Structure formats: structure tokens, C-alpha cells
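Letters A, B, C and D mark the chains in the order given here, with residues in each chain numbered from 1 onward.
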Amino acid sequence: MAVETPVIVINYKAYPESIGPAALELSKLADALAREKRASVVVCPPVSDLFCVQAEVGIPVWGQAADAVEPGGRTGHVTCEMLVNAGAEGLLVNHSERRLQLADMEWLVARARRLKLDTCVCTNNVAVSRAAAALGPDFVAVEPPELIGGDVSVTTADPEVVRRSVEEVRRVDPKVRVLCGAGVKNGKDVSKAIELGAQGVLLASGVVKAKDKRATLLDLIAGLK
Amino acid sequence: MAVETPVIVINYKAYPESIGPAALELSKLADALAREKRASVVVCPPVSDLFCVQAEVGIPVWGQAADAVEPGGRTGHVTCEMLVNAGAEGLLVNHSERRLQLADMEWLVARARRLKLDTCVCTNNVAVSRAAAALGPDFVAVEPPELIGGDVSVTTADPEVVRRSVEEVRRVDPKVRVLCGAGVKNGKDVSKAIELGAQGVLLASGVVKAKDKRATLLDLIAGLK
Amino acid sequence: MAVETPVIVINYKAYPESIGPAALELSKLADALAREKRASVVVCPPVSDLFCVQAEVGIPVWGQAADAVEPGGRTGHVTCEMLVNAGAEGLLVNHSERRLQLADMEWLVARARRLKLDTCVCTNNVAVSRAAAALGPDFVAVEPPELIGGDVSVTTADPEVVRRSVEEVRRVDPKVRVLCGAGVKNGKDVSKAIELGAQGVLLASGVVKAKDKRATLLDLIAGLK
Amino acid sequence: MAVETPVIVINYKAYPESIGPAALELSKLADALAREKRASVVVCPPVSDLFCVQAEVGIPVWGQAADAVEPGGRTGHVTCEMLVNAGAEGLLVNHSERRLQLADMEWLVARARRLKLDTCVCTNNVAVSRAAAALGPDFVAVEPPELIGGDVSVTTADPEVVRRSVEEVRRVDPKVRVLCGAGVKNGKDVSKAIELGAQGVLLASGVVKAKDKRATLLDLIAGLK
């Protein structure tokens, strides 16, 4: 089932504030607010929490990554099939903290498509967004690495990278939707992203490390309109 | 809590026969037989199944791997802290299908120790076993890679690599226990391993791909005596 | 200076038959025949032989790879600047035996362009060729990995991957030229490649391991017409 | 031919000040001063400069790294055989900027031994030094990564890591000699290293980025006595 846009995708990463019971709590909150506000929100908990989270929420749950390997004699790998088994409906591919080889990205996007998992390929600049779009994923999320985890949103620090990624991705494959991320923290950043042509945002610390997660989520969701 | 030896450690890898519901079923079977026969058995399901498995069994559950990173802004990584949260009591380190840099192995063994996770460092020959022992893990498991997944047990194909690993590891650090693996399939292989000085075996396909898992486990357990 | 096409690019890899003095000898032979037959031939010796080879030949000499790093505090890396210093005029990027992360490929192609090094990005299928073309390299060389080093040329075993790569790369960026490789061994394979729309071939063992290198090179060159 | 100790090993890294013609110039200077002062100095230029450097100097020339692969169908790799062909007499293994998997380190040390190349395995702490010693290299060079490239020598900032590495390496294999590195800049640092039991130093920027390379080398050499 396709993810509705505009969308807020929350990457839990490996923060102490978003693993184990905290992952479950944050997910329930996001689920409740998404439902209440009829907003599209996706959560990406750690792989060890996927099963428990998806069992408790109605919003889509994505894996943070998968390895480009077939099921079989592979130790310590996360396959797309494991994500499916754990109830995930999609996955991030090539996050800046988990860069992949191009051939592996292509393999993963194709594999995920066959398994009906949505894919969101992360990129670092316009040229890489263009190349990623050529693989035909569901989403491309452009995130300049130097802004990730920082205080200034990409939409303020480098609006051109968003606008041009949207433009170039559309030229390569108009079915691929573009998100943006890095430094996104509030509703204003979200509405600016949409104004620049993006169909949503990918963010992590902006939510995970927020003091008042409920207020932060409500503000972000308000930015979608 | 220290794992009792001799022990059978079962690595589920990423086989279709050992992920999701199949992981749970195999774990319950191993748990029941271990209890019934008062044998020491450890299971290593995929990380996505860890939580569900440990909630249902009494035998120790280990992760198949972890990344040598602190909790924090890391996407798609498995930290030791995630394993703890999911209820794991130990982990494999440096499996031949997930080789690590030496500095990362040292970091992981030290981190796991602090978190009270048992560690089993996998090695491929005597020199590497000796180096691994110098890191002070709970176990070293020697597995010649060319025999992994094959039909002939290391205890038959290369008994010397087991005997000499036991000897050299003991010389470096007598507290480190030695397992052996690769091609291990039945009770005779287990008793041969113990005869060679090992304190157990690490195996995967021998159990996971067995037609009659119950009979196979019973035979392996019988070999412990 | 742009490489003329159609072209034969010879990757020396790390074969005993093509390192050290043997690299020099093969390069002189290729140089002499290219000159004699007015054919376009590029050689890619190991990095340790680059300087000596380029000092003796007039044909373009390329590196087999470079690391996506700036000059500076990096040990054991090969930078684009080192290639320039050693007299190389181009480099292979992302060979199937040295796959790169997409972000690193983009960085390398851009860096090389600034340093006036030609780039040839290797790919494994049509989708990856399309993505590689989006980075704007000088060449894309499509080589199905399962055919590399084998006895059947890609032009026979999978002509469609060549034809479609040519077509799709042209659509993305008509300035990018397409080569094909894997199993290429003789002049017939070269002319078939050109017939399929490629502007040359990338090959290794077909030349390096040939009993009569002179005859093999002459045959390959004849296929260019 | 065994390297005499105490020794100063200079890693050129990929600094603009130490590649190409600059590599050759620095090597000739080091060679002249080593000869004049009857001191033991080893230089590690980039792989692309190895051949030219060794042709001009009498002191031992080492590679900065090698890949743990056999000669053959490998693109963009540096094999031990290439180092030998280029005239190198040894190599660094596992530098902090080029960490290796333990199994690959073991393979490289064994391969190099067979090819009569000296090996110096770099480590980051006492436990890793102990493990590295178990592989039987010629040297272990302990370098706390947080001090590499910095202004304070390891011999001042953390003398215990040197003293204890010396002690533990000796216990594992008394034939393995210990060097230390990170922040080493002058003769005082060298004599302190020797006082702590090390048999020399490994340094890079301290020489490569020195304004007066001649004076710096003379000061370092004076510290050997």
C-alpha cells in the first residue's frame, strides 16, 4: 500500500532515546497523532524493535536498512525478507550513515519492489539524487551530510539542493517522489520543504531528542498542510 | 550468567528455515530438549527475531553480530545496547560471514563485557585463534571457512586445527573456552570435538536445514556426554 | 585530451603476467601496435607500475581505481592526485572487483573531471548503467559480473544488456560513451560490440593471459574497423 | 635483511608534500642523513612512488599497505607481489587510516613473511597490540588514534600505552619489536620512546609537514642515541 504524501518519515537511528521500550512509546505517540490529525507519518525503529512496534501501531513501519543479500548462509545480516517477516512495509536505503555500493542499491530496490516494500534512497547532492532516481525507488531523500544532526534545516541552509533535486529527479523518473532532510526540526521547515517541491521530510534527532515529543510532532504535522 | 559447557551453539543465519515464525518454533524445540536432557544449548536467531524468541525460551539467546558503535546517530546499525534491550545474553563476533576489523573486535568484546553479554569470537585458523584469545572473550570458535556449510565436520577434516587452537588459546588466556565449527552435523562430531579439547560446537545448517530437527538436536545433545 | 573511439581498454588487473617488467613489456607492445594500426588503445597497469609505463608509451595510461579521498592524512590510499603525478590520464571507477559507494563514485567522477582525468564507470546491468550515466563520466562500461573472466563474450551471451545500456545511457546523457566487457577475447567480439552501439570494449584476461599477445592485440584492433 | 633498531619509520601518507617529486626529494634527504649519521631510517612513500624512490635510495622502502589478496583477477588492488616488484622491503599493516579485518591481517603477515617483506602491524591500544603480536609480525606499532596528527606525542600523553604494549607484546612473542607513534615530532619524543622500551617510532606529519625537514630529521635521529 503506497505511502500517502506529503509525509513525515522519522528515523529512530540508534539513539538511547529511541530503542527498546522508548521506541515503542514514541511509535504509539506518532501513531495516535497521525490518526488524530489525519497526517501521513512513517516510523523507522531499530531492526530489533520492528516486530514489537508494528504490532502496536497502524502507521507504516520501515526498516532503517537492509543488506543486499539473498536469504541463506549469512550471519548477522538483515535481509528484506526479515523486514517483511517483522511486519515492515518499507526501508531506508543508503542512509549517509550506512552508504551502499551502487550495485547493491540497485539490487535492494529491485528486491524490495518484488516484496512490496517501499524504498527511500538517501542521497547527498543533486547528482547523486539523479543517479538514485534512475534506480526507480519510491522515494529519494536528499540530505546534505554536513547538515545532518545540526541546528539549521536544509530548507534554510541549502534550499537549492532541494529544489534542484526535485527538478532533476522528476526529469529522470516522474514517479519517484522527493523528500528532504538534515536539520529539519519544526513545522516551518516542513512547510518550506513542501514549498520547494518536496513531498515530505526525513528527520531523526529533531523528534527523537525533542524534550516535548508530542508538541514537536504536532508542530511538524501542522507544517504538512 | 555464565554459559555452561560443553555447549551447543546454534547460529540461525538468514536461512528461510530459521527466520520469523520458524525461528520461534526452532527455539522452543531447542529449549524443550535442552531442559529435558539437562544440556547446555544457545540459540542465535536473526536480530529481528531476538525479542520474540527470548520472551518464549529459557535457554540463552545470542545475537549473530553487533556493530562496533556507541548508541547515537547511527542508522541501520545493531548496537550491543539493542541486543541487551531485546533480551540477548551474548553475541557472535567476527563470524566468517561478517568479518570485523581487529580494532572493532577489541572494542566489541570490551563493550559486551561491560554490558554482561557473553562473546564468542569466530576465527579461521590457529594464528587467528591465538590473536582472538588475546582479546579476552568468553569463547573462541574456530571454523575453517572452506568447511563451513559443507558435509565433512572440522573434527574429521582438520582435527589438528581444533587441537592446536585449544592448546594455543589456553596458553594465551586459560579462561577463554574454545568451540569448533564447520560441517558439524551429528553427535559423533560433537563428541569428537570434546575429545579434541573443545568445550562445545558452533553449528548452523546442520540443525537449521535438518529434515528432522528434533532427532538431530537429540543426537547432537547425546554427543555432549 | 579526449580518448578517441572506438577504443580498446586493457585492464591489467593483478595478474602475475601483467605486473612489474611484464606490465612494461605488454604496454610497449600495445603502444607499438596502436601506433602502427592507428588504433585507439588504453592500458590500465597496476598503480605501482603506472609511472614506469607512462614514461615509455604514447597511448593513454589509466589507473585501475582511486579512493574517494582528498590528499592528506590518509595511509595506503590512492588519490586522483597520485594518478596525475604518476602520469595517468584517466581511471576506472567502480570495477566489479572494486565496487564503490554511490556517493564516492560521484565524488571521484567530479574530482577526476577537475583534474582532467578521464573516467570510465563500470556497471553490472542496465539500471546501474543508467544511474552511472547520471554522474556524467566520460565512459560507462557495462560488464555482467557472471561473465567476467569467462569464455563467452557479453556480446554473444547477453547482447541485450549492451544494446539497452547504450540506449538508456544515451537518453540520460548523450555525451557519455558506452563500452562493454566480460568475456571479450577477439576481433569478432569487438566488432559485435560496435555493431550493438558500444564505442569500444574493456577487457583483461583476454589480452593478459593470451599465449600470443601480439596476435591477440592485432585481432582485437582489426575488430575496431 | 632485517631492519636495524632503534629505527625511525616515516609514513608519507597522501600529503601533497610527500607525493610525486616531493616524495623522491624527501627520500633522498632521509637516505643521505641516515647514511651520514649511521642511523636506521625507513620510508613509506605512496605506492605510485615506490619504484622511483627505491631506485634512488639505499635505506629500506616500505609500502603503506597491501590488500590481502592473491595475484590474479583483482582490479585496483595492491598485492604483496606488486610491492616486491616495485622494490619495497616491507609494509605497514592495519594503519588506523586503513584498518583491516583480523583474518586479512593474519593472511598478509604470513604472505609477507614468505616474500621476505618486513611487516609492521599498527595497533590502537594494549589489547590490540597483544593480539597483533600473536600474528608474529616483525614490528607492532602502537598509535592511539586520537593522538595521530596531533601536537602532543604519545610518549607524553600516554606513556603507559607504550610501556604496557612493550611488556605485553614481549610476553606473547619476544621476537616482535615494538614501535610507537602519534604526535611524535622531535628527538626528545624519540628518546622518550626508547626509554619506555620501544625500539623506534612511526611518524608522518612530524616530518612531512615540517618546515625544515633536514633539521627535523637530524633532531629525530639524534634522539635515537
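For the reader, a short list of remarks on this structure follows.
The working rule: a contact is a pair of C-beta atoms (placed from the backbone, for glycine too) under 8 Å apart; a residue touches a chain by one contact, two chains touch by 3 or more.
This is a predicted model, so every value here is computed, not measured.
Number of steps on the shortest path from subunit B to subunit C, with steps defined by chain touch: 2.
Counting steps between touching chains, the shortest path from subunit A to subunit D takes 2.
Computed centre separation for the pair subunit A/subunit B is 34 angstrom, with centres defined by C-alpha atoms. For the pair subunit B and subunit D, the distance between mean C-alpha positions equals 37 Å.
The multi-chain contact residues of subunit A, meaning those touching 2 or more other chains, are 96. Under the touch rule stated earlier, the contacting chain pairs are A-B, A-C, B-D, C-D. Subunit C makes touch with subunit D in their complex at residues 11, 13-16, 19-21, 46-52, 63-66, 69, 71-79, 81-83, 85-86, 92, 95-98, 148-149, 204-205.
Looking at the complex, you find that subunit B touches subunit D at residues 94, 96, 99-106, 110, 123-125, 127-128, 130-136, 172.
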